Structure formats: structure tokens, C-alpha cells
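In the two assemblies presented below, subunit A is common to both, partnered first by subunit B and then by subunit C.
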Partner chain A sequence: MAVLAKLDAGSPAARRGWSDLTIRNAFIIPTIAFLIIFNIFPLIYSLGFSFTEYRASLNRPAVFVGLANYRDLLSDPDIWRNFTITAKYVIISVGGQMLVGFGLALLLNRTFPFKGLITTLLLLPMMLSMAVVGLFWRLLWDPSWGPINYALGLGKFEWLSHPTNALFAVAITDIWMWSPFVMLLSLAGLSAVPQHLYEAAAIDRAGTWYTFRRITLPLVAPLLLIALIFRTMEAFKTFDLPFIMSAQSVETVAITLYQMAFQSWDTGRASALAYIVLIVVVCITNIYVKYLNRLRER
Partner chain B sequence: MAAVTSRAQRIGRPVSIIAILLVTAIFLFPIYWIGSTAFKPRNVATSVPPTVFFQPEITPFVKLFTKRAQLREQPTQEEYDAAPWWEQAIYDGGERVIKARGEPLLSQYPSRFINSLIVSVVSTVLAVGMGTLTAYGFSRFRVPGADDWLFFILSTRMLPPVVVAIPMFLMYRTFGLTDTHVGLIILYTAFNLSFAVWLMRGFIDEIPKEYEEAALVDGYTRIQAFYKIVLPESVTGIAATSIFSFIIAWNEYAFALIMTTRRAQTAPPFIPSQIGSGLPEWTVIAAGTVLFLLPVAIFTFLLRNHLLRGVTFGAIRK
Partner chain C sequence: MANIALKGVTKRFGNLTALKDLDLEITDGEFFVLLGRTGAGKTTTLRMIAGLEEPTSGQIFIDGQDVGDWGVAERDVALVLQQYSLYPRYTVRENLAFPLKSPIRRLDAATIAQQVERAAKTLRIDHLLDRKVDKLSGGEMQRVSIGRAIVRNPRVFLMDEPLSALDAKLREALRTELKNLQVNLGATFLFVTHDQVEAMSMADHIGVLNEGQLVQTGTPHEVYNHPLNTFVAQSVGSPPMNLLAGKLDKGKALIAEAGLAMPCRAAPAQANAGSSLVFGVRPEDISLEADAPGEARIYDIENHGVEKILTMRAGETTFAATVAANSQVAIDETVRFAWNPDKIVFFDGETGNNLQAG
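For the complex of A and B:
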């Protein structure tokens, strides 16, 4: 770098074309500006609305109400119920994904015929559109002619129209979709475990469980943690899947927000709820990025 | 390796292969089911018990692309014989193809599919183009507070769409951008830009700085070094980032649902809206779903070696 700096200052190279500083600014500033205009500016705009009584559907100016929206929301039992449903959903679906995903990774972490093909096929669900996945799982969960009830011999068991069952049905769909994500990260972790550790353990006659707990798990843990945080964040924001599958029964916070903002047109109140959601997401993101950076440094 | 293969491992091998096959079959079943539904006759799709073996037909795809109405009176034998095979298939289902001046009318599906294509391709080109430049800037130059800026860039990607959608909707309404391709393209570009910066930074970091330094000594300008050396070296990265961005935009639902209604509506909000009221025609919905998922499935195979990088924003490389 020092050589380059000297070159830049003294050689003709510095005088040809743009300077490094100009290039750097020309490459970076438009992106930052674009993201500020389309992310930060709208957020400031809606922060303003969150302190007002305003309906975007009516042609009436916003009325400043201070913190009333926030106070109402935080003391509204319906909102707490939605947060509880969301929390349950996050715990069931992310927990399931971690177990199934890590289990799949342990199963696939060996040599077998068509390994590449099978791994890619198993990764397919996470690449699909959540809205469309939700739609075709409705076909699978159908009480009268869905193959799931038929395969499990459940008769006309109601899944999506029943509040508790719907939560499980949507969570299972989410597990199907996102276990591959946990599997992918776990496989990366497993393949990085040095083989000689297992050989040493085998020579010492260490049991399977002991080897797993003392060698495999600690070495894969950082990647599992990344998967956990990332999935928690995404599951908390969940909108598409429950909205398409069972918006009445599995009303997550994102769905409430959508209905408040774009169906009841309660813009001021919805903006306040958006800010509450935002604060939670920013907290989880912060943890996520800290771990990403720690992982990068290694 | 062979020396330490235990007895348990030798017995375990066939068992684990059977387990892998079983798990794969269970995982792929939902995709198989929607795929097979797209080729089922209408009454077979919702039969009790579910039908596994049936005579496949492509009538659902014909229905997907045409505007249809209930037959009020049966066509005469001449009319039926004169009709092309796809029109006969519609007649067989008790419906007729709606025509204007003798030409069959297209359903809404093709236009929604094309909207999806336009919006995804344009936003991908913009996001990856800008993202590559920015990634190069962060990778090669000293940027004051680089980590903070990169965190800011990533954090924009983490915002829940519904949160950003409220103010964006109001702004779009003011500027007349709701239900336009441009409006959706801007949103998706912003969405994918942060992703592209993070992914491309990983790829560009891997290109040795020495290549450009040698080029600079040889009398290239920085810009020449960038497009004659860095860009060709990062073709794989650009391709992988583009495919990922395309898939993200192609799959996006929440913004499309809120911002578009007709003219610029993309496939993800359109396909579920077909269910509507009454008896949904699952075979037609399945046909639309299959066509919509097909590009993503193909792209997933092309991307298979870069999936890990993509889903972790380039943090984990391997």
C-alpha cells in the first residue's frame, strides 16, 4: 500500500484519469445516498406520523397527539396477544428448524452416491417464494382432500381454520422451508471439523455421544448461532406465510401491522406499531452483525 | 480413515443411506404434489382419497393462459371438430374460450409473469451494477468509518417490508408511483443493493490487490484497472450475486401486495389471489405455480456452490 501511495503521489499514474479519492466517492456515495433516500427518509417521515392521529384514506390533515399512539398500543391486550402469537411462532418454527436442519446436516455429513444432487434438492425449499409455498401447502393441509390428513390417517382434522392447529401447521411449513438453511450452515461447520480429532477420539475409545458433545457440537456452535439469530429475526418479521395460509388464526405482528395500515387505514397508529417492531428488529440485527463480524475476523 | 472405521460405522452405512433417501423423499413430496397437481384432470386434483396414479394432461396450462366462460350450450360437432386441440380441451371441461374478433383472449397470468420478469431483471441489473462499484470502493480504498457504513447498508436490508411500506406508500401515492413498474423497481433495487454490496465485497476481497497494482505500474488508470482486471476476475461473483438478487425480487410478496394492484402487479400477489371466492381451480393454480417456481429451481442448481455465501451475505465463504 505504501508503495502504491508513493506511486500515486509522484508518478504520471496519478495524473491520468480520476484520482482514487474521486473514484471512491463516485462508487460509494450514490449507493449510500440511494439507501438513505429510500430507507432512512421514509422512516423519519413515518416517525412523524407515529405521533399523530392520521388516516391516509381520508383527506384530513394529521393531528398531533404526542405519545398517545404508543401508550394505547402498549396497553392494548390485542397487540400483546399478537406479540405472544408471534413469539410462540418464532419458538416453534425456529426451534424446529434448528433440530431438523442440524439433524439433516449430521445425516448428510458423510460420503454417499449423488451427494451433490441430493444436497441441492434438499436446499430447494428455501429458495422458493414464501407466498407461493404458503399457497400450495394449503392444498396439502386441506382437511377433506389434503394428502397430509390422508397419510396420517387423521380423517377430517381441521388444520388451518383452527387457531392452535393453524399455528403448528404454519410453523411446520416454515420448518420445511427453512430447515435447509440451518442444514447448509451446519454442513459448512461440520466439514470444517478437522478429521484427526475424530481419529484421536476413536483411538481413545471415546463414545459416540461423548465425541458429539465434546468435538462436533463446540466446533459447529458458532455457525449454529448465526443460523439461530438469522432465523429468529426472519421469523419475527414473518408475514407472507401466515398471511396466505391462515391470517385469522396466526395473526403475527406483521399481519396486524399490515391490516392496521392498509385495511383500517389507521396510519398514525400503524406507524407507531411499526416503530415498536423496528426497535425489536434493530436489537436482533445488532446481535447478528456483531457475530458476523466476529466470525469474519477469524 | 479406513483404519479407524468402527463396526458401528460399517453397519451404519446402509442404514444412513436409506435414511437419507427417505428424508429426501419426504422433503420433496410437497414439490412433487404441486407439480403433479398441475397435470391432473380437475376432478382428480381434489379427490378423496388423494390420487397418485392418473392420466396426465396439460389442460391446466391451457386454462392458465386463456380467458374462459361457462358453456351455455354445447358446441355443435362441426364447431368442436374445427377447434384446435387446446380449445377442444376447454370444451371438454364444460367451458369455452372467450374470443375477441376470433382471437382467443389471454388470461391475466402471462401479463403478471411478464411484470415479474421486468421488475426482477431491471432491479437486479441496477442493484448489482451499483453494488459492484460500491463493493470495490469498500474493498480497495480507505473509507472513514467503513464498518459503520457497511452496517448501515446491511441494516436497511433487515427492515421488515411492512414497516417501510407505510411511508413508502404515502410517498408513492404523492408521486403517482403506486402500481407502476418504476415504483416496484426502485423498491427492489433498494432491497437488493445492500445484499449486492455485501456479497460482492466478499468476492472482490478475494481478488489479489497485486493484480491491479501491477496494472497501475504498467500505466493503466484506476478505472481501466477496474474494468480490465477486477471485473473479468469477478465474473463468477457477479453472476452469483445477480441470480440471487433476481430470485429475491422474483419471490418478493409484501411490497408487491401493497404497492401494486393491476397494471404492475407481479406473480406472487397474483397467484394466491386466484383462489378468491367459490371453488378454487387447484389444477390451474398449480400450473401457474409450477411455471413460476421453475426458473428458481433451475437457478438454484446453477447457484449450488454459492448458496452458503448468498444466504449469509457473503460472511461465510468456504
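For the complex of A and C:
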């Protein structure tokens, strides 16, 4: 006790007479201030804009129009088309990432020479800048001299200028880039399955597939679901890759939003669309989180 | 059910030799306990029989068939581990049904349900069937784990220290239950433990392992009364056999360090007068008597209720004696004691081997 008191008296905080509460506030208040200024305030401010007719490029006050922006957007077939494209993109890209990522994790979940090096190399795509990845994959997909057409013997197959093909091309690029993320989470899950469970299953005469389905999968499922949540959220608001690779052909919601907000300067409408996207993403995430909690309760 | 035989089995992990030239025979329907300290190679033996490890050399037979290139599933053995190895997130019922649901067996749902019920009844866990295994106590988990072994009528039951993680009371209860279960099933059990009480109380035959070598096999009675060497003598019995170094002199055991000269039975031929010997005597063969030949000071008293275990000192030597609980003794008291001369075991002073063995 005496030692503790002496140490306390000697510490700088104690000399200045800082209480625990002061120290706590010193850490928390800047964070909260930062959050309010850069996150919460813009969120509320843009919610206000979404109910107005307003252009940020013109020096005119915003005119309150009620729910008109939302009504227009939700009855606009183009916006629905954007959402459909985005949904397709999310399904292809996230589905591919889950399959490839989990598959890689299954392959890596054993001991073999150079395992650490190979794992690190596989993680590289994830560490690159989206813009850089977009730029060099645009070259890879190039119809006249891109190595992909050459390797597949597709001649001058149009990838990025054709809407459907471009969707696949961008999704494949996204799969290449983000499968390692799913792999990393899956590996963490797989290595947490105790070896003795596999031995017990072998003793119980369970086959490979049966063991995988009844032991591996249920134990890794929560982590897979977390990977799924992250990747769905990201894919839904994906902007960088389609923007750099093929902004004309892949019209995801985020691209449309960008065009509406910063090319047409239709700030009020864009705010409303941003809110619709936000609500959709929150809804999807909530479904996942509910399911995740159910898994955890089991 | 089946018998098991190991012939010249050696297992090396890198430079470490876990088992050396092991020969072992377990007959059909017997409860065989492999006793040894940590690292003696007990678990390795078990895992090799189960097929989870491959022997470096030697053969393993189940029912007379060499199972060297059989997979784990083909051997059809059951393994119960210390850490239970229950499948998490599933209920007790699902855990018990797991081995039966495996596609290899092709059992219909009604048969599975019936077999699960029967196993659960045998182990008195039928009230827990719908509970998740994470919500069970240690003893319940171990019962489920044993249950998962018995639902499927395996050829052999292998048990790797299944009781070590349980508290003392439960361990005693399950010990009795396991033995009863084995008798009722008429099954072949190979049970591995470091606990000599478990070995003595359950086994039909005990095998004592030391550093990868089988030192002695025999009934608990044989192992207890005729240990082949000083290692076995110290491995079984609680407290273990007292080992006192000395010499024979005119038919008496001369223990110089303790300053004792005790009567003893006719020595075996190999024990020449003058050669160095180790006299083995069980604590219960030592008794306190007023006019007895030995003298010692009482160093410590452990009261076990049914008996008292005395630690006694004579000269530089310490040894244990078990006496009746109503004996009036006090620490530091000097007492006279005798031993039962007919029960003395003679070991070679150099090798530690029992001179009357074989």
C-alpha cells in the first residue's frame, strides 16, 4: 500500500492533481468531439438536405419540399435499375469472395513448407490501394492487348465497355482483391477448431464431408458471417473499382450517387438517395447480426 | 468384442523414443490398465491402437488381424479422452447420435433414437438429452463422452485418463460405474492412467510402463505383491513400498543407514551374504510392538480415518507405516516396530530387479 501511494504521488498526473475522472475525460472528449463534428453533424445535416430542393453549387437557400425527393427517387425506374445492378454485383462479388477465401483457408489450414510466406503473399492484394488495383486490372481486361483475353483466347472480347461483362469483370477484380480478407478470418476460425474434435470424429467413423459439415462448418460459421457482414457492406457501397475501371458501364448506386451529387450538383436529391442506401445497408447488416447472435446462442 | 496384441512396437518422434519394442497382449473382455507417469508412452500406445499415430516399427493386431494399414474408421475402436472432446454447440442427444449418423453405418432414425436412449439410460444421463453440452458439468460431460463410445458397440474401448479432470468424489463414483459397465458389456477395455488407485481398483490386468518400456504386466495382486523391480514397487500402493538399502548378515537384514537389524525370511540364492541389496516392505507389513527389534522416531502422522500413516525415521532413513487409526502415537515419540519377515521382497542393489522374479 505504501509503495503504491509513493508511486502515485510521483507520477506526473498525480503531481498536477489529475483525478481518474479528468484523465478519462481527457481521452474521451476529443474522440467524441471528433465524432460529432465529422460524423454525426454531417449525418443530421444531410438528413435535413434530403427534405429540400438544394444545389450546393448555387448560392441559393434550400427550399423545403418534404418527402418529394424520396418519392421521386423511389418511383424512378433508373434508380431501381441501379439497385438491381448493385444487388447483382454484391451477390457475385461477395459470393465469390466467400468461396475463394474459405477455400484458400481450408488449403492453408495445415502445415507445409513456406506456409507463412505463402500466406503473406496471398494477403498482398488486400493491402494494395483500390485505385492502383483498378488501374492495372483495367489494363488486364483490355480488349485489344489485355493478357486476360489473350490467355483465354477470347480475341477482342469487350469486357469493360459492355454493361453485363463489365459487372463480372469488376466483381472478379473485387474477388481477387478481397478474398484474402475472408481467408484471414476463416483461417482464424479454422485454427480455433481443436484437433481432438477431428480425432474424435475420425474415431466415430465420420467421413470427410460429414466431419466438415457437422464440425468444421458450425464452428467457423460465426467468423464466416462476420466476414460476410463486412464484405456485403463494402460491396454495397462500392465505388472506387467501378469508377476507375468502368464508370460508364457499371452503374452501381454509389456511382449514380456520385454523379448526382458532384456532377449534377443535385444535393438535396443525392442526400435522399444516400439515406436510402444507408437504410438498406443497415437493414441487411441487421439481418446478418440477428443471425449471428442466433448462432452464438446455440 | 476383440483382443488386442502389440508385437515389438517402437515409436519415435524425431529423436525422442516414446515406445521401445513394446509387446502387449490384451485378451477379449478384460479390463486392462496401462499405468505410468507422464511421458511414459501410455497415450502414444493408445493412439497407435486407435490408428491416430503410426508405429515406427512393429505390428498391431486386433482380433488377430494386422491393422497396420487400416484407417481409424476401419479399426472400429472407441476412444474416450480426458478433455471429453464433445462436439460443441450440439445437444447431448446429437452428440450421442453423431457416430450412429455417420453415412458408413446406414442406420435408420428409429434405431438411432433407440440406441441413444439405451446408452443414456445406462449412464443415467437420459434427463440431459436435450441440453447443450456446453451447459454440462465435468462429470456429466465425461458421461456423455463415454456414452458416445458405448452407443456404437465398438470392438475395443480405449480410455485416455478419462477421470483425471474430475474431482475426487466424482472420480470414485465413475470408477465404480466404469468397472460395472465393462463387466455388463463384457467389453475389452484399455484404460490409461497415472493414478495407481484407478489401476488397482479397476484392472483385471495392469501393465506398468516406464520411459517407453513395459516393465511388468500382471494382475493387481501380482503387481502389488511381486513387483519385478523397484520402479514397479514404487508405482503401486499408497504410500508406496518402502525400499531400504542394506545387506544380509546371518539371516538378518542389516540396514546400516538406519542402524537396523531386522529378521527376514530365507533369502533367495542370488542374495549372497555381503552383496548389496534393497529390502522392500509394504507400509501395512510394519507394526508397532513393544518388544520389537526395530527402533524409530515418529516424524509425521497422517490420519486417514480408517488408518494412520506414519512417517518414521531411523538414522538417515525415512519410511512409511500404516497402523490402526486408534494407535496412540505422537510426533517425535520413539517407538519400537516389527515387520512381517515373510513379506519382505529382495531387490538387487545395483539393478533394482526382484531377485525372485521369473
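Observations on the model:
One rule holds in what follows: the second predicted complex is superposed on the first by the 265 of 298 C-alpha atoms of A that agree within 3 Å, B and C clash if a C-alpha of one lies under 4 Å from a C-alpha of the other, contacts with A are read in each partner's own complex, and residues count from 1 in each chain.
FYI, a contact is a pair of C-beta atoms (placed from the backbone, for glycine too) under 8 Å apart; a residue touches a chain by one contact, two chains touch by 3 or more.
Treat the numbers as computed from the prediction; the structure is a model and nothing was measured.
By the document's definition of touching, of the two partners only subunit C reaches A:207; subunit B does not. Of the two partner chains placed around the shared chain by superposition, subunit B is the only one that A:185 touches, whereas subunit C remains out of contact.
Residue contacts after overlaying the shared chain place A:219 against subunit C, while subunit B stays out of touching range. In the superposition on chain A, contact of A:237 is made with subunit B only, not with subunit C. In the superposition on chain A, contact of A:154 is made with neither subunit B nor subunit C.
One of subunit B and subunit C touches more residues of subunit A, and that partner is B.
Of the two partner chains placed around the shared chain by superposition, neither subunit B nor subunit C is touched by A:287. Contacts of A:67 after superposition on the shared chain: neither subunit B nor subunit C is touched.
Look at A:196: by the touch rule set out above, it reaches subunit C but stays clear of subunit B.
After overlaying the two complexes on the shared chain, residue contacts for A:33 are found with neither subunit B nor subunit C.
Across the superposed pair, subunit B and subunit C both touch subunit A at residues 199, 202-203. On the side of subunit A, the complex with subunit C involves touching residues 194, 196-197, 199-207, 210, 214-215, 218-219, 298. Residue ranges of subunit A in contact with subunit B, taken from their complex: 3-4, 7, 12-13, 16-18, 20, 23-24, 26-28, 30-32, 34-35, 38-39, 42-43, 45-46, 49, 56, 104, 107-108, 110, 112-113, 116, 118-132, 134-137, 139-140, 142, 144-147, 150, 176, 181, 184-185, 188, 191-192, 195, 198-199, 202-203, 208, 223, 226, 230, 233, 237, 239-240, 244, 254, 257-258, 261-262, 267, 270-271, 274-275, 277-278, 281-282, 285, 288-289, 292-293, 295-296.
Residues 50-52, 72-73, 76-79, 81, 83, 85, 87-89, 98-99, 101-105, 132, 148, 152 of subunit C are the ones touching subunit A in the complex.
Of all residues in subunit B, those touching subunit A in their complex are 1, 4, 6, 8, 13, 16-17, 19-20, 23-24, 27-31, 33-34, 37, 46-50, 130-131, 133-134, 136-138, 141, 143, 147, 149, 151-156, 158-171, 173, 186-187, 189-190, 193-194, 197, 213, 216-217, 219-224, 226, 247, 250-254, 258, 268-269, 271-272, 275, 282, 285-286, 289, 292-293, 296-297, 299-301, 304, 307-308, 311-313, 315-316, 318.
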